[in-house]
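Heads up: the structure comes next, in structure tokens.
As written, the chain order gives the labels A, B, C, D, E, F, G and H, with residue 1 at the start of each chain.
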Amino acid sequence: MPFENLGFACVDHHRHIRRGFPEVIYCPGKTIEQIVKIFCNLAEKGNNVLATRASEEAFEALIKEIPDVRYETSAKAIVLEQKELEKSTSVLPIVTAGTADLPVAEEARVTAEIMGQRTEVICDVGVAGIHRLLDKVERLQGANVVIVVAGMEGALAGVVGGLVDCPVIAVPTSIGIGTGFGGYAALLTMLNSCASGVTVVNIDNGFSAAVTATLINRKIESKG
Amino acid sequence: MPFENLGFACVDHHRHIRRGFPEVIYCPGKTIEQIVKIFCNLAEKGNNVLATRASEEAFEALIKEIPDVRYETSAKAIVLEQKELEKSTSVLPIVTAGTADLPVAEEARVTAEIMGQRTEVICDVGVAGIHRLLDKVERLQGANVVIVVAGMEGALAGVVGGLVDCPVIAVPTSIGIGTGFGGYAALLTMLNSCASGVTVVNIDNGFSAAVTATLINRKIESKG
Amino acid sequence: MPFENLGFACVDHHRHIRRGFPEVIYCPGKTIEQIVKIFCNLAEKGNNVLATRASEEAFEALIKEIPDVRYETSAKAIVLEQKELEKSTSVLPIVTAGTADLPVAEEARVTAEIMGQRTEVICDVGVAGIHRLLDKVERLQGANVVIVVAGMEGALAGVVGGLVDCPVIAVPTSIGIGTGFGGYAALLTMLNSCASGVTVVNIDNGFSAAVTATLINRKIESKG
Amino acid sequence: MPFENLGFACVDHHRHIRRGFPEVIYCPGKTIEQIVKIFCNLAEKGNNVLATRASEEAFEALIKEIPDVRYETSAKAIVLEQKELEKSTSVLPIVTAGTADLPVAEEARVTAEIMGQRTEVICDVGVAGIHRLLDKVERLQGANVVIVVAGMEGALAGVVGGLVDCPVIAVPTSIGIGTGFGGYAALLTMLNSCASGVTVVNIDNGFSAAVTATLINRKIESKG
Amino acid sequence: MPFENLGFACVDHHRHIRRGFPEVIYCPGKTIEQIVKIFCNLAEKGNNVLATRASEEAFEALIKEIPDVRYETSAKAIVLEQKELEKSTSVLPIVTAGTADLPVAEEARVTAEIMGQRTEVICDVGVAGIHRLLDKVERLQGANVVIVVAGMEGALAGVVGGLVDCPVIAVPTSIGIGTGFGGYAALLTMLNSCASGVTVVNIDNGFSAAVTATLINRKIESKG
Amino acid sequence: MPFENLGFACVDHHRHIRRGFPEVIYCPGKTIEQIVKIFCNLAEKGNNVLATRASEEAFEALIKEIPDVRYETSAKAIVLEQKELEKSTSVLPIVTAGTADLPVAEEARVTAEIMGQRTEVICDVGVAGIHRLLDKVERLQGANVVIVVAGMEGALAGVVGGLVDCPVIAVPTSIGIGTGFGGYAALLTMLNSCASGVTVVNIDNGFSAAVTATLINRKIESKG
Amino acid sequence: MPFENLGFACVDHHRHIRRGFPEVIYCPGKTIEQIVKIFCNLAEKGNNVLATRASEEAFEALIKEIPDVRYETSAKAIVLEQKELEKSTSVLPIVTAGTADLPVAEEARVTAEIMGQRTEVICDVGVAGIHRLLDKVERLQGANVVIVVAGMEGALAGVVGGLVDCPVIAVPTSIGIGTGFGGYAALLTMLNSCASGVTVVNIDNGFSAAVTATLINRKIESKG
Amino acid sequence: MPFENLGFACVDHHRHIRRGFPEVIYCPGKTIEQIVKIFCNLAEKGNNVLATRASEEAFEALIKEIPDVRYETSAKAIVLEQKELEKSTSVLPIVTAGTADLPVAEEARVTAEIMGQRTEVICDVGVAGIHRLLDKVERLQGANVVIVVAGMEGALAGVVGGLVDCPVIAVPTSIGIGTGFGGYAALLTMLNSCASGVTVVNIDNGFSAAVTATLINRKIESKG
């Protein structure tokens, strides 16, 4: 199985075959020089490339090498789209409890879209004003899978889970104060949801939620 | 200010004047002999007496001394009603997310009632089936204060808090598994509620919630 | 939307329509009398019924009322199959790291099967002897979704996640000692998996993993 | 029920009717542009508007749009008072253990006052010099509800709770070092108070304490 | 420096010289046979001997070997007094917040007394009824050092610390529910006390508090 | 690579070749029937077999099948020695801080010995009486590797680490009260040791420490 | 009992009488303006004044008002000595495990000295090189009380505790990495010390340790 | 035993004899002036000197005194090699899960090399692409001991542990987000590894892992 050894990184070119999407660059802890080299190595193969949690400095270094990259400010992602992807027929709803959860939702949206998944972001429908959510229920009930992004108390995931007949992928966010513990309270809420069918990813991990949701939609569309 | 020294306990006979209700016996950590002595000391003054988290053994020892006590099995409380109290005009709703939260709700009910507070227990309306709650909203909206008892994800308190115009006292319960951490997940959910007006008591502390709610109702009725 | 108020429980008869499977009885914290009444109420509607984390005592009380129930000892589940379900075409692999993780895998298996989902349990292929897992890879690569059940270090979920092109639902178990912290170490491992496409449920929650996996397979089969 | 969708936010104009006070803008995690837009949207309806945990930068951006806003430096709140409110007859005591707890008390004061609640801040009467508190007891005993703000050991709430016949709303603050754990020690102290009638809000959440206290006073005054 | 090797234990006969009191047997984790052998080994040297956290079974096995031992039931200590000790001139106050803290206070009392320290136990003067404590202040103000034993919120130590001019040794106890976390909440309260002069020992460790207090009194009396 | 599938277990017969010692049966979470079957399967190959954390019930069931097994009571291990092993030339010191740490040291001893490693247990030399340890230093300084077993404060590992020129394997034990947190305090102490050369295993994991130490000694003896 | 209300602070002028030393200003969370006002208020009474955890900015603001203040850089304390104190006859040893623990030791030294207590700082004698400590034992054995300051593993307190016949006050410091958890590991080590006679203060709280030690020495010298 | 007292530090010149390598300067918490003085003191003895976790500022101050020092940027270490060391015959593999773990691996490499240990760094072979690791297995199987450096889920250590017949020293790193908790998740994974023979050091402590591994290799080579 092929991979390429750059010394500081073993780039997994086989992942696309094995997992259905190319390797993605998770930037924290890597030097800008390393990010640029891995990104270029992946780009040379002609793939679309995604770097998550990237700083603006990394983007500025990269655009000198590859003029076609773009920076998604809210998502903090660097994106190179050089290969046209067939768009999914399904639409993936990405729901947030509050406005402050939007950057995590954006990371999910950018990730899904570079994999060809169409998305719809539904923002600020948290449980403190439940009528805002009830207004959107019908749109959620048509989905194959729903992503719910929520910080603070994180209760939205369980409420949505009780209203739809598809899996809900819950993303706790680090929004909140004091005993929110940087998203830990929301994580626990989601793990303890009484509504079955809710699974959870790491705090602020919009990326992983989007990959999972897209894999589900792909399976459905490939069998359809 | 009067209190009585039994050696192992200083019974605070002044509490009734200062706080509006007599001292209550919290049983854990006390020997049965100590519980009986304190209970009898309080009973001698002619008050109604309440012992919480009491074992059946304690009850059996006590009924030999005071035949009029009764045991509230679900609430695990020993009650002596020997002085007739004026009933409140208000009714205090005590709402639970699930059936398993009932013992804590019962502790709240027994506590409120021995203070003269009328109550209504509304059981098993958790957020996984939100229509069950919406069905009860009108009854909640007429209250001065609502107690919400919930374990697992504990999301019910915030949802109720978004629907009523009165304070919500949230009681996390130790119901749940794994990362429920004995009620800690529900506690965090409640503390991080986006719905303002929600305050929280210790895990399983139906007693304290009931005292607070009754104090609020009393203030309202005494001014009315 | 219909539900039935038993006083201590609001049985959600609408869940079958809304969520695609009937309400399930989670036993902890309920009295045996309550379990029996809710079970009978659900059974009267002609549905298959499942009670999880049930004691043998509950089973013995129930079989007096409904002779057709059976007890799944390892899963600690009470099952009533009175309505024949169409079996899924897909097979759901349920993989465990060790022998001690089997009861949680069994809860997942029983849950999936009562929803009509066919399953295959693959046991004791943890990472300390990775050749045992590699031997099974091909069978996993044909699945739409895989459940991985692991305690102690919980590393199996991420390793499987790197080998398949479908979502992995990870179930941490409470197997382990000391800093395993009753499944918390395995939970953290799974939440921090470098392999994207891994989502996580609460510790020992085989039930929720099975519901999610079955919902995914249903979506695929209904569209196929 | 009315709300307004700004894309990144669903402004809940119905909250005033349902909850008795308008939606409040919690600033952390929102961009300055978003804060300004939501604030203006609320202001257009003619309400008084409050933005909490606001930076000076947000204030400076906002005053360009709405010259009448003012910045409460200690409370870090932006306030727009454009509708005259009837003042409450009750006075709400807001008590702090130390000088460093003052910003949280100020958030409570500003919140209460924009809801029409009159307040009195009593500062630096912590338990290490209990005579300072005993000197103020009479003023506290006349209140309908008391807010106690304390960091470090957080013991003041329980001591006040033992001295008054009304509910005490305890606000732990993040003041302290080491095992104060950013307010967590004070939170636990307050949750475990032996004085019943004490309920707790999240660390540093002066806002929620003030809303709760004001709701209680309103209920009393509306019935009076 | 002398010690004696029993194979499973190195009995430190030098401790009496180096530390001013003989080695004490901490029973948990030791077999009854081991406890008996170490106890007899220490007793043979003619010292007074103390075994803490001892079961009744251990006591019954021991009294067969050494008829003069006695069992302190509340303290769960086995005591052998065979050497007459000069009594201290000072009296050590051991103050408890509640009745349930008494067993820990008893461990402190028994430990101090076998070292010759006179004691006075003052029980159930917690902060929820502060007048009970104020009534005792004068007796505390005459002491060289005070032990305060408190569970639940643990606030008593800081309040006492603000009232006396001597060191306070605070012993958190495991009394409480939920977020009391087995004494952890009380421990944190005590560590974060605003009253300087308060030092803390491990949860339920009445033994260590008594040793420290007695060492302080001895230093004072030896210099006096 | 060979392994044998018993349905509930994949017995890894290749481990002996790959890792230098046969698979060991960790009993918790396995039924007695499963333990017996795996043990017999391993025994049939002619190897010595070890089952750790085994109950007496498991031993009694097993001795009916294999009369030559023996039960190590303190270590809670079942041992079958049917193949004579060459004894190591090295001696492995296993040092404990207290008597109560002995069962964990015994698990280490039994494990090492079934791998052919000679051992010496040095008991009860904790830092509260440091002269007891200094008396043993010379014996430790001759070793290739030392195991240190300690609960409570766990300080012994670092002190030994500062005195020898070989690696120290530290085993925290669950001995202690309150903030010992079941061995967690000792674990943290050991992980934060200022003496480099100290590595740590899980709480109470005498087994893993012994395997590591024996692997080191084998490498030395095989090269010697 | 006298105190002075500055609005934002109740300065406790009675503390000197009640507790034996004047109120001390703990700076974090106070504005520079508040620090200056409280300091001046205390200085006007002619006392020596101490402000702990003070920034250089606070010092610079203060020296404009009171030219005689000095800044202790390592201790981060502002000191005003305007009243000559009788020096203690005793010398208080303040022992540190490492060089990095020195700032906390300095806070203890400055605090003790402004109370008239003579001190000796013994630095960098941690357990990884135990001979450095043994070299100093004699000096420690002459003391009435010893302060031990240690971060990382925090083992020094227990080792000292086993060597002296006086109380040891242990101060954990926030020095360390990873699982040192900002001093929490050292705190737990100290709380779980096997050497009785060790009591503990909050992380980095050199101030409280010094007050306690000085109170002990004063009691001894006043009785001597 | 010799050591040198610099006032703020006791430099342990005996460590080289007792432990086989000179004292190493751990920089955090020390002032630059202190670092320079200790470094020069050690250098004067003619030893090679290592300062870990050193800032560039410390390096720049030091190079003015000792022109031969060099700064290892990734490892953040200052190195002085003035005495030629015999190189080990063994090669120590240092394996990382990802690119971001490289700085910790570099600290291990620099530490080992200044002790004369030859090393090989194998980078970015984490379990999400297990074929990258399997490609390297043969090189690992020839080692006496392997260091594995991994953040996030930390699963690599256990997988390597199952593949080699030598000890594995696992170093968790602080790489990750949310519930990675700064390396704590990886630490727990490693402590709970099912593969015996894995021991663990503190988070990010490449230094201690390298010392331990080098001590093992030295023992082997000295006996060979």
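Observations on the structure shown:
Assume a contact is a pair of C-beta atoms (placed from the backbone, for glycine too) under 8 Å apart; a residue touches a chain by one contact, two chains touch by 3 or more.
Everything numeric in this text was worked out from a predicted model, so none of it was measured.
Looking at chain B and chain E, the chains that touch each of them are D.
Think of it this way: of B-D, B-E or D-E, only one pair shares over half of the C-F contact pairs by residue number, and it is B-E.
Distance from the chain B centre to the chain H centre is 57 Å, each centre being the mean of its Cα atoms. Averaging Cα coordinates per chain places chain D and chain G 36 Å apart. The distance from the centre of chain E to the centre of chain G, each centre being the mean of the chain's C-alpha atoms, comes to 26 Å. Among the residues of chain H, those touching two or more other chains are numbered 98, 128-129, 162-163, 178-180, 184, 187, 191-192, 202. Pairs of chains that satisfy the touch definition comprise A-B, A-C, A-D, A-H, B-C, B-D, B-E, C-F, C-H, D-E, D-G, E-F, E-G, F-G, F-H, G-H. Taken in their complex, chain E has these residues touching chain B: 98-103, 123-125, 128-129, 131-132, 135, 151, 175, 177-180. Of all residues in chain F, only 18-20, 24, 144-145, 162-167, 169, 187, 191-192, 196-202, 207-209, 211-212, 215-216, 219-221, 223-224 touch chain H in the complex they form. Contact residues of chain G toward chain F in the complex are 97-98, 126-130, 152-155, 158-159, 161-163, 176, 178-181, 184-186, 188-195. Residues of chain D that touch chain A in their complex: 1, 3, 7-10, 12, 14-15, 26, 28-30, 34, 38, 53, 172, 174, 182-184, 187, 202-205.
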